[in-house]
Amino acid sequence: MTVMSRAWGRLTLPGKVIFTAIPLLLAVGVALALVVGILGGPIVELASQYGAVLRFLVAATIILVITIPTAFLIIFMEMKIIAFMNLRVGPDRVGPWGTLLSVVHGLKVLVKEDFTPSGADPLIFTLAPVVVYGSSVMTLVVLPFAPGLFAQDFNIGLLYFFAMGGLAVVGLLMAGWSSFNKYSLLGGLRSAAQMVSYEIPLTLSVAGLLLLAGTMSVNQLVANQSGWFTNWYVFQQPLGFVIFFIAVTAEANRTPFDLTEADSEIVAGFATEYSGMRFGFFFFAEYVNVFIVSAMTVALFFGGWNAPFPFPALAILLDPGSLGIWLLLGIAIVPLVGTLLLSLPFLLTRSSMPAWQAIVLGFVLFNVVVIGLLGVWAFVSFDWVAGLLWFLAKTYVFVFTFVWMRATLPRVRIDQLMGFAWKWLMPAALLNLFVTAGAILVVGR
Amino acid sequence: MAVNDAAGTTLPAASGARDLAEAIVVPNTLWTPTGQSATAANTSEYTHLREWAETEGARRDDARWGGALEVIPTKADYVLDLIRANSLWPLLSGLACCAFEMMSSATSKNDIDRFGMFPFRASPRQADVLIVAGTLTTKMAGPLLRLWEQMPEPKWCVAMGDCTCSGGRYKRSYSTIEGIDRVMPVDVYVPGCPPRPEGLIYGMMKLQQLVKDRRGHWPERAIGPTVPTDV
Amino acid sequence: MNLIPGIGIVRGMSLTLRRFFQPKVTIRYPEVPSDVAVKFRGRLQLLYDENGSLKCETCFQCAQACPIECIDMGGMDTKGRFHVHWGAAETYGERREESALRRSGRPVPDPAYERFAPIDIAAVDSILEDFDHDPAQLLGILEATQAAFDYLPVGALKRISERTGTGYAQIYGTASFYGHLRLGALGAPAAAPSAAPYLAALAAATGAAGRQADA
Amino acid sequence: MTTHASMDDPRVTLDEQLGSFEPIPPYPPRTEREQEFYTVADGEMLVNIGPHHPSTHGVLRVVMKLDGERVVDIDPVLGYLHRGVEKLCENADFHHTISYMDPLEYVSSLFCEWPAVMAYEKLLDIKVPRRAEYIRVLTGELNRISSHLLAMGFHALDLGGITPILYSFIERDEMVEMLASITGQRMLFNYFRIGGVNGDLNHEFMSRLGDWMSRATAQVEANQGLLNENEVFVRRNRGVGTIDAQTALKMCWTGPNLRATGVPFDIRRAHPYSVYPELDFDIPTRSEGDSLARYLLRIDEIKQSLRIIDQCLHQMPDGPVMARVPRLMRPRPGRAFATVEAPRGQYSIYAVSDGTDQPFRFRIHDPSFLHLQSFTLLMPGQLLADWMTINASLDPIMGGIDK
């Protein structure tokens, strides 16, 4: 025993790690092999049987994962765009042009102390950010990103979207109530009043659109708008779009309707007592919400993943298989020739640059060109790539608009907010609905 | 809390309050802590965070290194310090004149957002740095200290302006505190009356260095309010 | 307000969009030197002549002219005989309590205080009377005090500060400057002070309805 | 049931078992007003705003009694920035007091120095050179513009707009740097002297001023396009905090806030001082008396100030900038009262001399303090968010209020 312990003590730290890890890995491998051998067949069978379930699980995981980079991107956009509109340069220290600053903010929030105030209800206090964030993420499920690229296609997709979006108010109320703070309470109550008021014009504004489309599946709605951009619903439902946009701004708690966390009135609203990652969840949920409402506006009124014009059906005419041996030769020679060709300008014009640097630059450029060409090829050949790009481009135009509004507008007062919803938006939405219904009766769908 | 009564000393009886050349020590009967973990209960055990860090309680203290992340070895700490240094959110708390130069450092001409210090949080729960900008009066000292105690760890304090550094031009007034380091720990002093916005930016860059090097008051910080014994 | 609702908002948003593309006014401070006016007086500086020696002649004019009396300076006189000093006296020294925290109304734990030993004030007072309460003869006062107490107790320094109107920091500086003055006793450390005189004095000062010790 | 006094606020006690704040003070109320305020009816709650709050313009604390979002009653608590300036001034000699004036209204420091030196000049019977008077008016009006710009920016910031304040600060940074090139400091100038000013105009100041004046009007106009016609902004300000002229006069209002109710009272015209009688400018007034009028009136005043600066530059005579004053100032025993039109209203100093080199009594009259006392008239019945509007449009500066 002593011999063994002495030998063990003489080992370096990596040695100890390796000596511990190898048997462990072996054991795990054997166990895995056994499990797969015994259970593998049934699992594959189950997966093939419930393919939709498996697909949904994968899609939900992907959605959960992509929310974080999306939030980071939008936070960075907000910092930089608002800075530019204020004639500032904005973040420029962390990463190229400050691109990593939002990530740094997010990670900082993660490693902050996270505590519960003494008067708070710990359970509700902890659950509230989860509810808020969860409701945002769950609305993403029905969003069609591209043809075939969606998590789930409900036939009541739009209804599901509104229902899940309305769930966020529960989380905000929980946060406001449980924080043991009057500012939080005011923020929570404000959010409840605001959400409840704006749900009605929000739902009514798309009612006309639903009459036109005859479906509630978001996928189907997007598919209806294919072809030229005149097919987009915004041209048939301009009033509906305006109402939807205003209501959705209020739903996402963005300026000028960001009363729930009006920091010059009720310090940080419902999030006043939150610190650390629980505050981070609220912070992320806000920006994920911006993405979601922009995406939904695009899907409903701006043709979703459709290009603004019917895209000419291009295909790569060259079949790689027909080249035979030349394919191999091409793969061998083209990089060489491309690198040399692209490094030629540097070699000829910049006499101060050593030859190897020019060649390295040429190689980098060649890679950029090839990646670009591959992108174009993917854009042309796979319609989901093209659809995704169109969708994201349109969505980020709306994200820009939200940020732009935040940079410009002051915030409204709570009674003006409610009065606007009930006295202006709701009658206008009803008018829109009646006019649409009448037009359908007269003209037909 | 009883005052030690050491017997055996012969002292002249004080003839009146006016002739008393001694510090007046009043036992605290005004205030009792809400919980046992409040400040007054555990000051006798440990006085500085470094001592506290060596106890068993500190290992359960997930506030310091962010819970689960404490298992990551020391290289990760360096990354965390880099992250913290580049994302210092100040608390939006202006007391007096210096507040305007503090805001000026955040505006377009001198853009402190470039360093990742822009979102001036209104709530102390989400702030990292307390920039005390302006004269601290005795009436404001309690609320400011309360703000400081409400901020979650890790946190830093920057004293901006002469009044907060040393009392400045109000040192001789009856109602001001001659330097906020009498009531709270300070990491960076930015002198000036008021300092230029560039001065504050320079001070914040120094604070970034402190955070990266893990210097400053962080390990040496006293637990609870600090009162120097020789004032 | 306009006839068309929303036109004001549109105008504001078009302004911000135009500003989005305009050149930025930010001065990237650490890399680019900031736009400081030539006359800007940011920091006090002592000037040196071309030979590298200090131009300051200790004429105290700056200390006298300083509006907030923040310049506290000392030096030798022109004959090289006396050490002279200029500095502000504590105006409200007697109204100050020791702890800024306690003055702010916030209770603090008591062990944070370190009490200085009480002394016989009458001795200090008689010394001060001999020297006519003259701050210019501070060194003599301090030497006489040391002769009386064998060292310079803190309480005596405070008393001298209070009676002569000189700042405590100045007196402490003088006392710690000269080698033959000592601030601590030579022999065994002084015994722990008793709480009874404090409490008695406190009761006398605040009356029976004042804050009572629960000891 | 155990109750613990909260640490810094004896009026609020924390009731552990009910889990709610008990608003009634632990001691019997000291005044009738206190008893009335801290007796909370059903459905009402007390909300404490400040001393640390984003929109209190410093360290003002107000306790509001809310019914839902509607304010029932309001109790401002002052003194969080009381620095004892008057007492310090009585212990400093006449030159020293000028620098203590600066941090009072710290965004318009020159207007705090101005009445002090005017009062001492009256005591000492000194005649200020005309060039010095013109320089005082010139720098003063520049300081007024920067103060008004900040006031308008913070008005927008309190309503949630983040951009106007940054545009204002761009202009304000130009101006304080301009003033720094002549006075030597950016905020607390310490520039006026008894019998003149500290330094003559210099080339740097003139080039910076010319550079700014060439585009000032266009820039200020463009920046106002962000707010003046903005429906959200106008709707939040119109009819909020309305006060009529009689009440405003009764509450001792002065300055832009009074002129927004239609009273054309301006010290520069009513009790002319310095060289203002030689200058041509209008006193803009508005009749509405609400927050929007107070906001718009400041824009008009900026335009008038630009006019005054232009005239000053054209009419400025040559000559010395300091009168011959005795080195040791020992005015005859007597009293002097001097008042100027500061950006926030009438700023006055009352100084009494007893023949020594220090003022015997020194009294500061601050306009913001008097504006602040009408919160209790303006606020009840309004919403919580209106407090930000009213407070920002009254534009108090806590340094002057708490002294």
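Every chain is named by a letter (A, B, C and D) in the order it is written, and numbering of its residues begins at 1.
The rule we apply is simple: contacts are C-beta pairs under 8 Å (C-beta built on N, C-alpha and C of every residue); 3 or more make two chains touch, one makes a residue touch a chain.
Nothing here was measured: the structure is a model prediction, and the numbers come from that model.
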Suppose every chain is reduced to the average of its Cα atoms; which one is closest to the average of all protein Cα atoms? B
If you tally contacting C-beta pairs, which comes out ahead, B-C or B-D? Let me know. B-C
Centroid of chain C to centroid of chain D, CA atoms only: how many Å? 31
Measuring centre to centre with CA averages, how many angstrom lie between chain B and chain C? 20
Report the inter-chain centroid distance for chain A and chain D in whole angstrom, where each centroid is the mean of the CA atoms. 47
Any chance you could list the residues of chain D touching two or more other chains? 7-8, 14, 53-54, 91, 99-100, 163, 166-167, 170, 185-186, 226-227, 230, 232
In chain C, which residues are in touch with two or more of the other chains? 9, 12, 15-16, 24-26, 28, 36, 40, 67-69, 91, 105-107
Multi-chain contacts only, two chains or more: what residues does chain B have there? 30-31, 34, 107-109, 111, 114, 122, 139-140, 142, 169, 172-174, 196
Please classify the inter-chain touch graph. Allowed labels: line, ring, star, complete, other. complete
Quick one: in the complex, what on chain A touches chain D? 82, 85-88, 119, 180, 182-183, 186, 190, 255-256, 258, 262-267, 406-416
Listed in rising order, chain D residues that touch chain A in their complex are 14, 19, 45, 47-48, 53-55, 69, 156-163, 166-167, 170, 226-227, 230, 232-233, 235-236, 383-386, 388
For a test of understanding, state which residues of chain B touch chain A in their complex under the given definition. 34-35, 63-67, 69, 80, 83-84, 86-87, 107-108, 111, 113-116, 118-119, 121-123, 125-126, 128, 152-154
Contact footprint of chain B on chain D as seen in their complex: 4-5, 7-8, 14, 16, 51-54, 58-59, 79-85, 87-88, 91, 99-100, 103, 106-107, 150, 165-167, 169-170, 172-173, 185-188, 398-399
Would you tell me which residues of chain B are touching chain D in their complex? 30-32, 34, 92-97, 99-101, 103-104, 107-109, 122, 124, 134-135, 137, 139-140, 142-144, 146-147, 169-170, 172-176, 193-194, 196
